[in-house]
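Input: a single structure, listed below in C-alpha cells.
In order of appearance the chains are A, B, C and D, and numbering begins at 1 in each one.
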Amino acid sequence: MKEYCGVFGIYNNPNAAYYTYLGLYALQHRGQESAGIAVTNGERITYYRDFGLVSSVFKNESLKHLTGFVAVGHNRYSTSGASDSPDNIQPIVVSYKYGQMAIAHNGNIVNALELREKLEEEGSIFRGTTDSEVIVHLIVKSKKRKFLEKLMDALSKLKGAYSLLVMTNKKLIAARDPWGFRPLCMGELDGSIVFASETCAFDLIGAKYIRDVEPGEVVVIENGEISSYQIPGCENCKKSQCVFEFVYFARPDSKIFGKSVYEVRKEFGKILAREYPVKADLVIPVPDSGVVPALGYSQESRIPFEMGLIRNHYVGRTFIKPDQKMRDIGVRVKLNPIPELLKNKRIVVIDDSIVRGTTSRKIIRMLREAGAKEVHMRISSPPTKWPCYFGIDTPTRDQLIASSHSIEEICKYIEADSLGYLSLEGMIRAAGGNKDSFCTACFDGNYPLSVPETITRQAEKK
Amino acid sequence: MKEYCGVFGIYNNPNAAYYTYLGLYALQHRGQESAGIAVTNGERITYYRDFGLVSSVFKNESLKHLTGFVAVGHNRYSTSGASDSPDNIQPIVVSYKYGQMAIAHNGNIVNALELREKLEEEGSIFRGTTDSEVIVHLIVKSKKRKFLEKLMDALSKLKGAYSLLVMTNKKLIAARDPWGFRPLCMGELDGSIVFASETCAFDLIGAKYIRDVEPGEVVVIENGEISSYQIPGCENCKKSQCVFEFVYFARPDSKIFGKSVYEVRKEFGKILAREYPVKADLVIPVPDSGVVPALGYSQESRIPFEMGLIRNHYVGRTFIKPDQKMRDIGVRVKLNPIPELLKNKRIVVIDDSIVRGTTSRKIIRMLREAGAKEVHMRISSPPTKWPCYFGIDTPTRDQLIASSHSIEEICKYIEADSLGYLSLEGMIRAAGGNKDSFCTACFDGNYPLSVPETITRQAEKK
Amino acid sequence: MKEYCGVFGIYNNPNAAYYTYLGLYALQHRGQESAGIAVTNGERITYYRDFGLVSSVFKNESLKHLTGFVAVGHNRYSTSGASDSPDNIQPIVVSYKYGQMAIAHNGNIVNALELREKLEEEGSIFRGTTDSEVIVHLIVKSKKRKFLEKLMDALSKLKGAYSLLVMTNKKLIAARDPWGFRPLCMGELDGSIVFASETCAFDLIGAKYIRDVEPGEVVVIENGEISSYQIPGCENCKKSQCVFEFVYFARPDSKIFGKSVYEVRKEFGKILAREYPVKADLVIPVPDSGVVPALGYSQESRIPFEMGLIRNHYVGRTFIKPDQKMRDIGVRVKLNPIPELLKNKRIVVIDDSIVRGTTSRKIIRMLREAGAKEVHMRISSPPTKWPCYFGIDTPTRDQLIASSHSIEEICKYIEADSLGYLSLEGMIRAAGGNKDSFCTACFDGNYPLSVPETITRQAEKK
Amino acid sequence: MKEYCGVFGIYNNPNAAYYTYLGLYALQHRGQESAGIAVTNGERITYYRDFGLVSSVFKNESLKHLTGFVAVGHNRYSTSGASDSPDNIQPIVVSYKYGQMAIAHNGNIVNALELREKLEEEGSIFRGTTDSEVIVHLIVKSKKRKFLEKLMDALSKLKGAYSLLVMTNKKLIAARDPWGFRPLCMGELDGSIVFASETCAFDLIGAKYIRDVEPGEVVVIENGEISSYQIPGCENCKKSQCVFEFVYFARPDSKIFGKSVYEVRKEFGKILAREYPVKADLVIPVPDSGVVPALGYSQESRIPFEMGLIRNHYVGRTFIKPDQKMRDIGVRVKLNPIPELLKNKRIVVIDDSIVRGTTSRKIIRMLREAGAKEVHMRISSPPTKWPCYFGIDTPTRDQLIASSHSIEEICKYIEADSLGYLSLEGMIRAAGGNKDSFCTACFDGNYPLSVPETITRQAEKK
C-alpha cells in the first residue's frame, strides 16, 4: 500500500521556496516518485519539478532561481496517472487568459474521468493523465468572473478526496474536500501562514500548528488577509477522515485530524494486546510502521519489546531484482532478523496491515529459520477487505486476501501460530472519534460517496 | 564520526557481480560516497564505479556488462584522500606487466605517505591520493616472482589497518592486517566462497558464515582451492580489534569479531544502567545507533522505553543548508521529538558517543522545548579523547570535547541534568573479550602501533 | 538572418522513423535548435524530441522505440516563441477527445495572437508560446464532426505562412497556405508517399520528386488513397513564394518552387555581373551561400574564382565569446582569408545579403589586412529594407541598414571600394517567375496580406 | 584516412585557457574524438578533458575554472590506443615526486611497445594505452636530476613521430622529433609565445607566425626566456615531413613546413592537369579537400569549375546507419549531386586520394545516375600503396587498392572513364622541396626509419 502525496504551501515569506523545500523534505514519506516547487513573486510564477526524491530534485542552483514570497510544493506517489510521464509531476503550472496558476493536490477525484470527457468534448486539451489537471481546466473554463468564484464553481463539481493548494500570481488558497478524507493543517511562522499535509513539516521549519483546514473549507490568503469560505453543496457530506493515515501513512511525530499519530498508534497496540493476548517471550515490530503499536502491545502485555528485525534504510525504488534462476531475495533486502534474540523464543510480531499475505508469510518463515519457536502475528488494524478510491494505493478486491479468506484461513496461509486483527471498534476508539468521523470503507465497504462504475471496474482490472 | 568502507568478494559464482551488488547494498552503511564492482571472467577484469549510493551507481545495464565468476566490490566513505576525485573510487583496477589486478581496501595505512614517497622517488606515478594505491604499487614493484610472493612482500611493509580483497585475472585473495583492526568475514554460498566486512551481507544473499579472516592471515582462493598464509613479521603484533565497530558502525544484525552486534550493544546498555542508574519516567534512544543500548538500559532499569525522537530516514548527503540569516534547522532535519510523550517527564536519553558536544546540546534543548522536565544523558561508550588513525573519521584532539573537559564540564556544556559514560571495563566485558583483544586508543590513547608524526600533525591541522 | 524550420513526413513505410531521421538530417540547415519525430502505428502516436542537432537528439536507442508506418519530423529554429522552453519543440503531439494528433509546422501565422486570445477566453490552456499550438487548439475546438472538416475549419481562420504536416493515428495530411510562402514538396519512395520542405531530403533517401503541394492545397493520405482539397476562402490570395529561399536558406542541391536552387543562385551571380561589372583580379565568395553566385559572377565576368575565405565548419551554436577586455574575434572564428591569394589583388567579394552591415565591414577589413588592394562588394539580392513576418528572422527596420541608408552610404559604412546589389527585376527573372509569383516584401514593403499592428509593433521592439 | 591530433600551447598570457580553447577550435579538423586543456598558475596544474568536439567539451563554466598563465591543449583522433577509454584523452596530466606535468602529443612512436614493456618490467603502472603515456613514464623514471635533462633523456629513446608540448608547473616546452614528421609552428601574441600544429590557430587568435619548431629541436620557455636545444643522437636523421599534410589534413588557410597549404594544393591540381589532361565540360571537386586542387585543374585546363557535389556539413560521427535490409545510403549522407549541372556532361572529378576505392566507385555511380556522360577521375596525390606508421590512419596494405592493383585496374574497379594520379615528382615539386625533405613512404615504401615487426604485423591484422 502506498499513499498519494504530500503538499506544502507558504504565504508571505522571503524564503518561501526554501521553507517549501524543507516542508517537502519532512513529507517525503508521502511520495517518493517526484517533487516540485512553484513560487510567485507577485508578478510571475516560476517552478522546478523532476522525478526523484526532494534531495535529488533540488540542488542549491535550482532553489536559488525560485525567488518569491509565496510557494507551493508537492511530493508525489502516483496511483491514478501513468507514473512515468513528466507531464504528471506536480505542482501543475499553467498560463491562461488572466494570469498563471499553480496547484498541488493530494487525493483522488472519483468523477474525474466523467468531468474530463465533458471538458474534452468542449475542446480542452489535456497534457497529462492526472485527476488534478481536471481541476485546473474546470477553473479556467468556469464562466464566473472572479478567480475565487471560478475556483468555487470548479470545486463544487468534484466528488472525491482533495487536500488542495492553489497559488495564483498573488494569492494562496487551501481547500479540503467536504468529506475531509486527507489531512491538511494550517500553521504560522513569524507572521507567514503555512499549510502542510502533516504537522511534522511545521516542526522542521519551526512553525506553530494553528488548526486543521476543515472539511469543506476554503481558506484564502490575499493581501495578508485570511478569509474562509464553505464549498457549496456539501451540507450533507459525512465527515470521512482516512483512518489509515493513523495506521500507516502519517509520520508518528505528526499530528493529524487533531491527534498525535504516535499516541493513537500506541493505543492501537494496547487495545490489540487486550483483544488478542498471547503467552510469548518477545514482542517485535515489523519496522518502521509496526514499531509504535509493538511498544503499545509490549507495555500492555508486559512481554519484552525487542528490535528483532532490522530494516535497511538504504533500500530505494531502484533495487535491481535477481534473475528468476537465483533464489528469491524476498523481504531480506529490507529486513534481517537477529537470530541470537529469536532462538527458541515465542514471538509476537506486530505489523500494520496484511494486503496479499505474501510478505507476512515470508517474514514468518524468515523468523522461524532464525530459530523462533512460535510466531504470533498481530495486526494493528482490522482486515483490509475493500479497495480505496480516495487516495490510497490498494490492489483489487481479489488480491486483498481478507476479502476472500477468513482470519483462520489467513493465519494458515501466512503460517502463523496465531493471528489477531485490531477490531474496528477498538481502532475508532483509539483514534479518539466516533465512527461518524472516519472513513472505514477499506474495512467494511461503507463508501461515504457513491463511486462511478468506471472507477470500480478499472480497480478490478488493475 | 564516519567509517571508512565496506568490502565484499565472491569466488566461483555465475552471478558474481549481482551477489556483490547485493553485498554492497547490505554494507551501504559503511560508505555512501562511492561504490564499485570489478569482476573477472578468468581472462579479463571489467569494472564499474561511480560516486553515489549502490542503488544509484548500479543500474540493470551496468550490472549486465559485469560478467564473470569472481568479483570484488567496495563502498567508500573517505577520510584520507580528497573525496572528490574519481581516481580515488575503489576497487582500484590496474594493468601491469603480468596481467590485471583489482583491490578493495577498508582501513588506513599509517606509513602510506612514507612508502609513497619512496615509490615516487623510484619513478612510480600515482593516479589518486588514497592509501590503497600504495599497496598496488608495492605489489607491482616487488622483485619477487610469483604474485602471492609479491603480495606478501608488499603487505609486510604496511603499518596500519587493512581488510583487503585482491582479485587477479584468476585468483581471489583476502588479507587482514596483523592487528585485526577492521572486521573481515568469510562465508559460503552454494559452493562459492564469499568475504564481507560484516555478516549482514551474507544474510542478504543467503550465505553461511564460516569464520573470520584472522588478524595477519592471507586467504588465497585459486583453482577452487583455499589456502591460508601468515603475513611475515607480525608475530608480536597485539590484537587490536576496533571496539567502535560495536558501538556505532556495524549493523546490529551483523556478527563481527565473532559476536552479535545486537547482543553486545544491548549489553552496553545494561551495564550502563548498572553503572549510571537514575530515577526517570522514560528511556529514549537517539536513533538509530542508540536504539539497542536504550533497550538494554530500559530492560535493566525497568524504566519504560519509548521512541521519543523520530528519525527522518530520507536525509541524505545533499541536504541544502539554510542561509545564515534563517534560524538554525539544527538536528531537526534528522530528528523530531514527540511532545505528547515527553511533557513533564524525566527522560533518560541514550546515545552512542559524544564528539564535539554540539549535537547533544541541540538534542537536549529540543527535548526540553518539547516539555521534558529532566534530561539525563547516557552514553554507550567511554569518553572519546583521542583521534583514530585506523579507519574512523574522528576530528582533531582539540575538537573532541572529552579530551579537554571533565565529564562534569561536558554535562554542563550539553545542558543535561546528569551525564554518564559506559566504563572502559564495562565495554570490554560486554564485547566479550579481554582488553588485549581490542584497540581502545580513542578512549585511552594507547595506540597499538606507533603513528608517524606526519600523520598525527596532519590530524591536528584538519 | 535565420530561417524557421524544416518538416518531413512519410506515409506507409516500415522504416518510417528512420527515413524521417534521414530527412531531418538533410534538412538540418533549416533549423538547428531542436529536432523531433512522431510516429504512429495506426493505434498510438509515440514521439521523441529534444534540443540539439538531429545527430545528437537521436541515438539508436531512441529511434528504435519509434515504431510505426507513418511519421512526421521537424527541425526548428525559433523566431516567434521563447526558444528555450521544451514545450515549444515540435512536432506538437496532443491527445484529445477523439484520439491523438501530431503537427509539424514551418512558417509564421500573423493572426496567431488574436486567435490565441479568443481561444483562451473560451478556456483553452496553452502549453507553449508557438504559433503552431494555435492550429492544434483551433482543430480541437472546431464544431465540425470529421477530422478533415475540423482541419479545414481551422486552416480557413489562419493568416500567414504555413507548410504543415498533420498526422493522426491513421492519416497523414500536408497543407500549404494559400500564398505559398514556404516550400513543401511531395515525393514517392517504393510506394510510400513522402513530404519535405526541400527535395534534398528526397535525394538522401532515394525518393523521387513528384510535385509541390500547391499554395492553398491540402493533401490527405488515408487508407493508401491520396486526395486533394482546397482551403476555402483563399480564391483571391496572391501567390507569394519566398524568394529568399533561393538567395540564402535552401540547400543548393534542392529543387524548390519547381526550380533548381543551384541554377537560380548561379543566375543571380551572372545577372549581377552584368548589372555591376568591375575590373578585378579575383572573385571570391563569402562561403557557403556566396559560393554559387560567385561562380556565376566569375563565369560571366571571366574574372578568376578563388576560395579566398576558408570557412570553419565546426563552428556551432555554443562558441564561447571572449571577454570584453580581449580583442574581438569577430568573423574570424568562421572565416579565415588566404593572404597568399589576396596580396595586392583587386577582389570582388560575393555575399547573399547585407543585414546590419557590421559583418560585411569586418570581412572587408580582414581582406584588406590580408593584403587586398581593392575590395568590391557584390550582393546576390536587392537591399533588404523591410522585416519579414512570414518565417524569416529579420531584425527590426531600424537595424536593417538598407532601410535608412542609400547604397552609397552603405558602401562607405562597410568600407568597400564599390558596392552593387542585384536588381529586383534581375532576381525575379533569375527565379524564373513573374513578379506575381513571389513575395518581395523584404525588398519593397509590398506585404501580400495585411499584418496586424500587434505584430509589426512587436517587430519594432525586438 | 584520418589524422591523429592537434596541439596548441601558450606561455605567459592571462587568458591562456581561452586562447587555447580558440586554438583547439581552429584545429578541430585534426581530431574530433576528444579535447582537453591543462593550465598552470605557476603553482598547480588544473585541467578539463572529455570526449566530443571542442565546442561541446568546453562550456563557460568549465573554462572559467581553468585559471593560469600557461596552457596546453589537445584535440584527438586516435589510431593507436583504444579510442573509447577516458584514460587516453589528452593532455595527460600526472603528479610525480617533483611536481606536476601535462603533455599533449601529436604523432606515433614506433618503439612505444618495446619501451612500455621495459618500463612495466621495472614496475611502472600505465593508466591508458597511448604511446604518449610512455613519454611521461620515461621522464619520471629518468635518473637525471633536472627536468630538462630528464626530458632529453626520454626523447633520445623515442623512435617515431612526435610534435610535443610539455608543461610543468612553471615551464612550457615544445619538441619535434628529429625527422620532423608532423608540423609544429611557433608564434607570438602580445608578448606571449604560442605553439600550434598549424598556423590557422594563430590567425584566429591574432598571433603572428614566427617560425617552425625545427626537426630535432626542443624549445624551452621559462621565466620568460626562450632557449633552444637539440635532441641528442639525431644527427643522421633524414628530414621526413609528411607530404600528406598538404594533400589532405591541414586546413587550406594554414601554413605548414613554411608553405601555404592552399598554394601547394592548387599547384597539385595544376600539375595534375598537365600530367593528365582530358577533354571535358566541367571540373568538379569532391568537397572539401578536392576543392582547391580542382580550382588548380580548372585554371590550368580552362575547363569550367562547378560545385557539382554539395556536401552536408552537419554530418557528424554519430550518424545512425540504416538496417541492412534498407538500401545503402552510401556517400549520399555526405554528398549530393546537382543533376541540372551534370546532365549529358563530360566531368572531371578531383579527389585527394583513393584508399579502398569503394567511395570513389559510389561517387562515380552517383554522378552517372545524375546524368553525367563521362566521368574522369583525377587524384591530387600518387597512389597510396603503403601503410603509415607515423600518425596517419591508413588501413592495412591488402586494403589499399593501389598496393595490389594497377592504375588501369583501379580505373575499371571504380568505373571511371579515365583515371590519373599526380606523379610523386610533381607532388614534391609542388610542395616546394626536394625529395629529401619529405616522407614519401605511403607512396613508395621508403620508410625513413626502421619500423619494428610488432608494429608492422599489428598493422597487417588491423
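We adopt the following convention: a contact is a pair of C-beta atoms (placed from the backbone, for glycine too) under 8 Å apart; a residue touches a chain by one contact, two chains touch by 3 or more.
Since the model is a prediction, treat every value here as computed from it, not as a measurement.
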Touching both subunit A and subunit C (chains): none
Chain whose Cα centroid lies at the greatest distance from that of subunit C: B
CA centroid of subunit A to CA centroid of subunit D, Å: 63
Whole-Å gap separating subunit B and subunit D, where each centre is the average of the chain's CA atoms: 52
Centroid spacing, where centroids are CA-atom means, of subunit A and subunit B in whole angstrom: 36
Per-residue overlap in subunit A, given as positions that touch at least 2 other chains: none
Interchain pairs in contact, sorted by label: A-B, A-C, B-D, C-D
For the subunit D and subunit B complex, residues of the former touching the latter: 94-97, 117, 120-127, 136-137, 140-142
Subunit A-facing residues of subunit B, complex: 15, 18, 21-22, 25-26, 28-29, 32, 53-56, 58-60, 63, 200, 203-206, 251-253, 260, 262-263, 288, 291-292, 295, 299, 304-307, 310, 312-316, 318-320, 322-323, 326-327, 329, 332-333, 336-338, 340-341
